[in-house]
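Report on the following structure.
Going by the order they are written in, the chains are A, B and C; count residues from 1 in each one.
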Amino acid sequence: MVAETQSFTAPRDRHLFARQLHLWLAAFLIFCAALSLQFGAADVRLSALLGKLVTGEPLSQMERIVLFDIRLPRLAMGGLVGAALAVSGATMQGLFRNPLADPGIVGVGAGAGLGAILAIVLGSMLPLGLTQLIGAQLVPVAAFLGGWGSTLLLYHVSTRGGRTSVATMLLAGIALGALAGAVSGILVYIADDQQLRDLTFWGLGSLAGASWGKILTAGPLIVISIAAALCLGRGLNGLALGEATAAHMGIAVQRMKSVAILSVAGATGAAVAISGGIGFVGIVVPHLLRLACGPDHRTLLVNAGLLGASLLILADVIARMVISPAELPIGIVTAVLGAPVFLWILLRRRGVVDL
Amino acid sequence: MIGAACKHTRRGSWTIAAITLATALFGAHTAWTVSAASSAHAEGSGDVLSLGGSVTEIVAALGQEHRLKARDTTSSYPPSVTDLPDVGYVRALSPEGVLAVNPSLIVAEEGAGPPEALEVIRAARIEYVEVPEAYSRDGILRKIEVVGDALGVSDRAEDLARKVGADLSTAMTKAERAEADKRRVLFIISANGGKITASGSGTAADAIIRMAGGVNAVTSFDGYKQMSDEALAAAAPDAILMMDRSGDHAVDDEELLSLPAMRLTPAAETRDVIRIDGMLLLGFGPRTAQAVTELSGALYGGEG
Amino acid sequence: MTLEARSISVDYGKRRVLHGVTFMARPGAVTAIVGPNGSGKSTLLGAVSGDLPHEGTVSLGGRDVARMPIWQVAAQRAVLPQASRLAFDFTVLEVVRLGLQSGRSGDRADIPMRALARVGLAHYAARTFQELSGGEAQRVMLARVLAQVWEPVDQGEARWLLLDEPVSSLDIAHQLQVMQIARDFASAGGGVVAVMHDLNLTALFADEVTVLSEGEIIAAGTPGAVMTDAILSRAYGCALKVSTPPARNIPYILPHAAAS
C-alpha cells in the first residue's frame, strides 16, 4: 500500500483554497468596513478623520456623532446581522441537506414577524408604565421572542423520544408560518394606517435604527450563536451522508441538531429583531461559496460569516447613498442584488434541486 | 477528468469573485459618485428642516420658505419646496441623512421617527420642535402657532392664524347644513383590484367631510379599512370622495362605479365621484378652508 | 475483541421482525449473514450498527456498545449502508475524507487517496460524487468506510467493517474486488460482517455464515457446514442443490431445477 501512495497524488485541493479564502474575505470585510465608515450622507470622511487623528486635531461634535453614534453602530450591526444570516443559512442548509433551505424554514421569520406586528399594533394598548420601561426596544424584543418562541415550539413538536424529525419540522414550519400569517393578517386589519406604514418599513428591513443599545442587547446573542454554529462543521459534513451514516462516523447527531437549531434561532431571531426582514443573504452567500470552494462546512461556515458581513455592510452603503440624504430600506437592496443571483442559481441547477 | 473537475471548480471561484467584486465596485462607485455630487446638492439657503406636509405648508405660508434647507417626502406643497433635498419618509428618517443636511432647527409633525433617529438628533443638539396633530380648526391654528414660535415669527403666525381661522369659520359656516339635508360621503383611499379601502371615523377624511357639511357614510370602525361589498352597499353613500393623485392611481369613475359594491349605492346612480388633491384635502394646514369650500361646493353645488 | 449481539429483538411497529437473535463474529474472519428477502438480515445489521432501536445488547470486545461514547464506537467499527444519498456537491475525495474525521489520530492525510486506490477509483478523486454511477458510488462509499478504520488492527484491538449488501450494485469483476478487500481486511486481523445476497460469492469469501429465516437464526458455522441442501432449501423455501467441486472444497449452489 505504501507503493500506491507514491503513484496517486491528491488532485488540486479546493479545501486549501477555502482556507486561503478566509484571509481574502477577512481583507474584503475590512475594505467594506472602511467604505462604510468613509461614506454617508453627511460630509464626514474617514480619510479626513484619520488625518486629524494623526495631527492630533480634535474632532468636531458633528464628526464625533456621525462616526461614533451613526456609522460605527451601523457598521457593527450590518456585520453582525450579515454574518448571522449567512451562517444561519449555511447551517440550515446543512441540517436540512438542501441548498435552498433558509432560516425561515424553522419559523424564525414568521415568528419574528408576528412578534413585531403584535408589538407595533398592540404596543399602544400596553399599560403606560410597561411601554415606558421597554420603550423603543419593544418591537425588537417582541420580534426576538416571537422568532425564538416559534422555533422552540417547532423543535418541540417535531422531537419525539429524543429524535428530531427534520421532515416534520419542515412541514410544521409551513403550518406555523401560515398560522402566523393569518394572525398577522388579523392584526393588519386592526392596525391604523400609521401602524401599517411602520409594518411595511419593518418588513423591508433597515439598519437605520442601529444604536449601541441594540448592539449590546443583540450582539452577544448573535456572537454566541455564530460561535456555536462554527463548531458544527464536521457534524454537518457527516450529515450530508444522512443521519444514520453520520452517527456511524461518530457524530452525536441529535446533539448537533439541537445546537444547530438553537444557534439559528438565536442568531436569526436577534438579527431579524434589530434589522427587520433582510432577504437572500442566507441563501445566496453560502451558495456562492459552495460554488467557489465546495460544500465543506468546516470552511464554509467561517467564509459565509465573513462574506455575509461584508456584503450586508456593502448593501448598507448602497442603501444610504443612492437617494441620499434619504435612504432605501436595506431589504430592498439585498432583494435587488440577491434575487437575480438566486434566480441564476435556480436556473443553473434546474433538475438538480429537489425539495 | 481531473482537469475537467478542476476547471469546474476554478470557474466557480471566478464566478463568485466576479459577483463579489461587481457588488463591491457598484457599492464603491455609488458611494463615490453620490458623495461627489452631494456638494452640488440643490440645498436651500436656510437652516431649517421641515418634516411633514402640513408643517412645510405652514412654514411657507408664514413667508419663511427661504429659511428651509430640506424637507421630507410628504412635503410637496408649495411646489417650489420639491426642489429641496428630501431626507426620506417622515416616520423612517435616516439619522445621518438628517445630520447631513445639518439644520439648526427641525420642525416636525407629530409621529416623526424612528426613535433611534430622534435620539441621534438629540445627541447632536439640534433644536427639535414637534408640532401636534389634530384634525380640527383649533388644531390647525395651534399648529400655526407652534411653527411660528419655533421659527421666531410669532407675530406673523398670529396674523396667519387669525386669517386662516376666519377663513375656516366662514367656509364651515357656509358649509353648515341641517341634519336632514346632509349628504352621506364615502372616502375611498384605495380601490386597488376592486377591493375598497375606506375611511371610518377618527381620520382626517372623516374630519374634513364633517367640516364640509357632510356625514361620513362609515362610522363603524376607526381608521382606514378594507370593506366588504355588502358593508359598502349598506353604507349607502350619496357621494364618493377620493384623492386626486394626478394619474398614478388610475381607477376611473366608470370602473369604480361598476364595482358590485358600488353599483347599488345612491352615489352610483348620480355618478357623484369627487376627487380632490390629497395634501389639500387631508393635510390640515393653511389651505384647509379651501378644501372645505371645494368639497362643500362639490357636494352641494355652487351655492355651497 | 469479538462482536457479540445477544438476544436481539427488533419491532417494526407492532410486528416483531427479529426474535431474540444471538449473533457472534470474531476478528480475522469474514462473517456473512444470508437469508431470503425479509428474513431480517439487514435488520440484524441495523441493530448491530446501532441504527435501529432494539432489545438485547451489542458488545465489542466485551464492552456494551450502547455505553460507549459514539466517537469511540466509530473509531472501532465502520458501517457501509446499502445505498447512500449525498447532499451537496462533494468531490469523491472529499467524501472519502469524511470517513477520516472519526478515525484515530496520526499521520492520516494520505489515507483517503490510498483508500480510493484500493477500490480502484483514485483517478476519480476530483469528480463530484453526484456524477458517479451507482456501482462507482458504492465503491467510493466503501473507500470512505475503509478510511474510517484503515488499520484492521489498532493498538492491539481489531476493528470492524459492517457491510450491508456491499456488492449489490456491482458487476462481477468489482464484486470480486470488493469481496477481496473484505477478505484482506479480515486476513490482516480485522473483523468483517457482511449481509450477502449471492450465495456463491458468500461461499467463496466467507469464513463463517449465519443463515436467517423469518427473524431467527437457523444455522451458523463454516460455509461447508451451513450451506447444505437442507438448510438452504429450508431458509429460502425452494429446492436448492449444493455441490462441492472437489478441487477447492467450496460449496457451489444451483437451483434444483437446473441441477437435475
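The working rule: a residue touches a chain if its C-beta (ideal position, glycine included) is under 8 Å from a C-beta of that chain, and two chains touch if they have at least 3 such contacts.
Nothing here was measured: the structure is a model prediction, and the numbers come from that model.
Participant: Based on mean C-alpha positions, which chain is nearest the centroid of every protein C-alpha shown?
Facilitator: Smallest centre-to-centre distance to the global C-alpha mean: chain A.
Participant: Just grab the chain with the largest centre-to-centre distance to subunit C, centres being mean Cα coordinates.
Facilitator: When every chain centre is compared against subunit C, the largest gap points to B.
Participant: Counting C-beta pairs in contact, does A-B beat A-C or the other way around?
Facilitator: Between the two chain pairs, A-B has more contacting C-beta pairs.
Participant: Could you put a whole-Å number on the gap between the CA centroids of subunit B and subunit C?
Facilitator: That gives a centre separation of 75 Å.
Participant: Using Cα averages as centroids, what's the distance between subunit A and subunit B in whole Å?
Facilitator: That pair's centroid distance is 34 Å.
Participant: Using mean CA coordinates as chain centres, what's the subunit A-subunit C distance in Å?
Facilitator: 44
Participant: Any chance you could list the residues of subunit A touching two or more other chains?
Facilitator: Residue numbers touching two or more other chains: 11-12, 14, 294.
Participant: Can you pull out the residues of subunit C that are in contact with at least two other chains?
Facilitator: 91, 125-126
Participant: So which stretches of subunit B touch two or more other chains?
Facilitator: In subunit B, the residues touching two or more other chains are 2, 5-6.
Participant: Inside the complex, what are the residues of subunit A that reach subunit B?
Facilitator: On the subunit A side, the touching residues are 11-12, 14, 17, 28, 31-32, 35, 38-43, 45, 61-62, 65-66, 69-71, 135-136, 189, 191-194, 197-198, 201, 206, 208-211, 214, 288-289, 291-294, 307, 310-311, 314-315, 317-318, 320-327, 329, 337, 341.
Participant: If we count contacts the way the header does, which residues on subunit B are in touch with subunit A in the complex?
Facilitator: 2, 5-6, 9, 12-13, 15-17, 19-20, 23-24, 26-28, 30-32, 34-35, 38-39, 70, 73, 85-89, 91-102, 111, 114-117, 119-120, 123-125, 189, 203, 222-226
Participant: Considering only the defined contacts, which subunit C positions touch subunit A in the complex?
Facilitator: 49-51, 70-75, 78-79, 81, 84-91, 93-95, 98-99, 101-102, 110, 112-114, 116-118, 122, 125-126, 130, 148
Participant: Which of the residues in subunit A come into contact with subunit C in the complex?
Facilitator: 1, 4-5, 7-12, 14-15, 97-99, 234, 237-242, 244-245, 247-252, 290, 294-296, 352
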